[in-house]
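One chain, subunit A, links the two complexes that follow: it is found with subunit B in the first and with subunit C in the second.
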Partner chain A sequence: MIGSFRQSMTWLHTWVGLIVCWILYFMFVTGTLGYFDSEIDRWMQPEQAPSPQTSFADAVAVARTRLVDEAMGAERWFITPPDEREHPHLEIFWQMPREEGEDIVRGNEDIDLATGEPLGEPVRATGGGQVLYRMHYILHYIDRAITYPYLIGLITLIMFIGMVTGVIIHRNIFRDFFTFRLSQGQRSWLDMHNMLSVTSLPFQLMITYSGLIFMVLNWMPGIALGSYGFDTSVADEVVAEATGNVPLEASGTPAELVDFAPIIADASARWGSDSLGRMEVRHPGDAASQITLYRQEDASRIPSRVIYSGVTGEVLDDREDYIIGPIKVASTFLGLHEGLFAGTLLRWFYFLSGLLGTGMIATGAIHYTSKRRKRNENEPQSRGYRFVECLNIGTIMGLPVGIAAYFLANRLLPLGMADRAAWEVHCMFLVWGACLLYPLVRSRIDAWRDLAALAAGAFALVPVINMLTTDNAHLLVTLPAGNWILAGFDLTALAAALFFGTAAWLIGRKRASMKTAPEASPRAAARADALA
Partner chain B sequence: MARRRATPGGWHITSRVVAALIPGYLLTNTASIALGMLYPGSKLSGVAAVSVASFALWTAIVCWVFAVERLRTVWLGLLGAIALTAIAPVYLFLTGAGG
Partner chain C sequence: MPLPALTHWPDVILLSSIVLLAGLVLICLSIKRHFSQWFPERKLVRSVAMALRVAGYALVIGATALLIQAEGWGVGLPLLCGIVPVAAFAISMLTTWRANALRAAALARRRRRA
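Up next is the complex of A and B:
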């Protein structure tokens, strides 16, 4: 479009990056935190300890008693015993057969292992880490039907275009990788953007493209429809073939549901008793009943499974390759995106990769203004430029302040407050909104410094307020006890405080050098200005 | 930025954005459906493989739309490619015959 292919791609990279950088920053910050969603849940629910670890068989026995009382005659039950992070409690789910002309009746409960009764309402109403995590793909305050998959899909596609054009324009991608000109103003923002992008490129490509795969059926329904000759009547068969979830009709003849213990013993012998994931019972109490035991999920999201008869307990199907290859590829993309299979170390790598992506977006956005400020040094600032700059400051520094406010609100809002969970989120967005307005009334560098300092202060307050408002969930207790989930949260908040504090200090230093240097050396001042 | 050419006009940009979004999206779909039909394995494998690739195809189309010099090439190219790739899907859709 303008000049050579690479010049066109540079133009495209700049503009697609600019139009979505703030929303992408939001998606990356909340998505990165989402890798610790369960840990954040735990911190935000200090009164509710996770269920004690019990054997799979014992948990399933408790669930069975409850389900027999509540949901006999169901079409299916799902039983998910508590595990180390994702499922802190025993979860049961049931779905009744569809009655003619009525909605399907479904239910789900978290069960107290000691009493076998549902857990009561939590003392502290909170959205927890789940609300934060879900924001990264459905946003907030906007109708979900609009955001996911349509709005978010478009933004993700633009992100992917940004990544592809970014790779194209970096012909010297490896040389750039080893080039880092610190303290050279505008060039160092570009260098930092390049370094962050190149070092984490495989992760960023994976996370963006896999994000798109989540939405492919919504965006490209024609592919599936077309391949089956636009014949929607085969949909059920296709889904069955794709998921290995073959439809099963009840026979109508009652038959006693088999004892689960031998089935669990058989599956334990196959995978080890620590690897059992969850259990599905179809048509409990019917002669056609089947029981499926799933192994814990791996990266492909297609766990091994064995299907047993729900009456005799005999093995009906234990094929390992019940899903065809290309479906596995698609599913592995999704599994890699969610990272549910990751252990602690890998989870931290996910978190760090997410932070690198966040930094990539932030440095790209800052580079945009920094470059244009140099180019138009002697002209008055345009309104569009000022708009971009205010959004940069208010989002890059302001969103973290909002996140800290979300955590602080969890500790400070009164426990009995109406709509408490919703107000935690309101606090986050009100604080972020205030941060977006702040750059309007301050000079650029002052706004950067002040908001960085505010973020540092807000994150430093998180463990302090936690100490003042909880009896046994703060660092003085959690550190000696080696409770790394709760202690890790507070320590991470302190690390964030340190990061933003350092940023505020660095910006303050540049500000001081700008104030004193201009007469002596305009070039040095311009450099300092650009770096800040 | 010595080699920088004049910034393209608003009309050029608007036209390309529309081309990338609407005919670009249509072409992604028609081409993917056609590719899915040509896929040598089972139908389901074809659907899965082509679905996974479809966003990459769209991305390539968008890059092309912004790389080509003349607007006429962009629009004629996209519409031509849609017409070409849509023959089989449209035939199927009209006849309802399984592919």
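Up next is the complex of A and C:
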């Protein structure tokens, strides 16, 4: 303990925060963008329009024809008809029974509703929003077995420590709820850090805690081991029972697969025909076959479901509470984290809350240097301080520049290029890398201003380059047509440009005032000399 | 008595956002520092502060109830957690801006007199 309890918690908050702040910033930025992963996918694939909306029954009929041709005798089929957001196309998945000594054969395809054939290779090879979103929890260029759950889990754990200590050390959490004191240097950064964190505290606590729930079994294996021993098959059985996912053996007797239409009609009568989610068929063509229809997901990630016989079509199981309580609680946390249930408005609030979290990390990191700069004003800068400052500038301003470069690369790299999707990501990291080096050769305030201006320029270029490189996916077309997914992307890029432009302007004004008013105090004069 | 059916956004969400914003404004004004930022000439009396605080919390709770009633717990609470930061951010920025503007005006007046 250093001094009082609160002082030692402040120490902990400062140092755990500093160690992980840059990677947390990366996780917050990519995770926030992840709430619009499907929309980003759509923008990065302008040539491929989503499938037209059709009835559940029609889509399933198309899928069935294809699956009967391709995957009869499979262990299971999954059919996911196109919806408004997550699944732009009819998706089918199948898994064949395991053969002795061989790998399980699986397949998945996006199906063209009109022809019933798989959609061809996309014109524009891209990682899309999914690659960006996956970086949120598996990073990039590092083996995912290391990053998820171990590295990311550790960082999330540290984030959680940061949140708890932050709440402890913030003395007047209610009285300072609305407090922001302008133009007071370090004080202003701390005010902003506090305000962003406290107002969005429920979201930040939820997102960090639920992030840990994703990895709970990896980080606390003792609970499962203590209850079920080292024989994983016992644990598997328990999990299958608890999640209502009981294994089903094929009987070996062939039997004709039932007509889907009455089953779909029955489920529609239960939930309404707009609420059907997806369909699972187990052992199609076998006498023991079962069909499960799932309702669309809600916040808990546990949709209602009904299991039908795959031969007669009769209802086998329509319990609502097929999952035990603890799993439901865990699943609700995961559902809240992913926000897949959110409609347009709530999705935007998720996005905003993510931005607040990003701001919380950024202002915390800036507060660290701002406080120490003031304290050590008359001493030469230490190497450690300079290191933190360069990483701050290069990450907080550099990562957005990198992400804009990722979007620009999607439009500018030649279509037939080898490894095109991989090069989009390389562009992002190359540009970010360059931004990390830039503060080394510039003074602090110049580097802040230049990179903010660069970010503003890069994001402003996104809709412009989009206009020059696509025929009908740019604002002049998408705005009049009311295509809010494509237009929303470009407008958001413009909003980002406006934000970074304002930041660059404000920093430039501060820089000018630092240069013109050195006589105000001898300290400021010394600082201006050091910067010049 | 059954509550009126407000189940379609944006009406219910807009309504509860406004109620929430009003509640947060009252809570903000019940704090001495912020009250003096808005009304530098006046003094916040304790009974007024209490009344402001109670009314503010009542409105916030009312907005919460409205959201949960219309959207259910699963969507209502996340919505609340999304609206609060936006409203609080707007209020504290306005408060700072207002205090700054008042200070600048006072400075200008003093200069004119001198």
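Criterion: the second predicted complex is superposed on the first by the 514 of 532 C-alpha atoms of A that agree within 3 Å, B and C clash if a C-alpha of one lies under 4 Å from a C-alpha of the other, contacts with A are read in each partner's own complex, and residues count from 1 in each chain.
To be clear about the criterion, a residue touches a chain if its C-beta (ideal position, glycine included) is under 8 Å from a C-beta of that chain, and two chains touch if they have at least 3 such contacts.
Note that the structure is a prediction, hence the values are computed from the model and not measured.
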Have a look at where A:Y150 lands relative to subunit B and subunit C in the superposition and call it first, second, both or neither. neither
Go through the superposed model and pick first if A:W505 touches only subunit B, second if only subunit C, both, or neither. neither
Applying the touch criterion given at the start, work out whether A:L345 contacts subunit B, subunit C, both or neither, answering first, second, both or neither. second
Of the two partners subunit B and subunit C, more of subunit A gets touched by chain B
Kindly classify A:D298 by the partners it touches after superposition: subunit B alone (first), subunit C alone (second), both, or neither? second
Of the two partner chains, subunit B (first) and subunit C (second), which one does A:I161 touch, if any: first, second, both, or neither? first
Mind sorting out which residues of subunit A both subunit B and subunit C touch, each in its own complex? none
Residues of subunit A touching subunit B in their complex? 1-3, 5, 7-9, 11-12, 157, 160-161, 164-165, 168, 209, 212-213, 216-217, 219-220, 222-224, 226-231, 238, 241-242, 324-327, 329-330, 333, 375
Across the complex, what residues on subunit B touch subunit A? 1, 3-8, 12, 16, 28-30, 32-33, 36-37, 39, 41-52, 54-56, 58-59, 62-63, 66-69, 89, 92-93, 96-99
What residues on subunit A touch subunit C, complex-wise? 175, 177-182, 195-196, 199-200, 202-203, 206, 298-300, 336, 339, 341-343, 345-346, 348-350, 352-353, 356
For the complex, which residues does subunit C have touching subunit A? 9-10, 13, 24, 27-28, 31, 33-34, 74-75, 78-79, 81-86, 88-89, 91-93, 95-96, 100
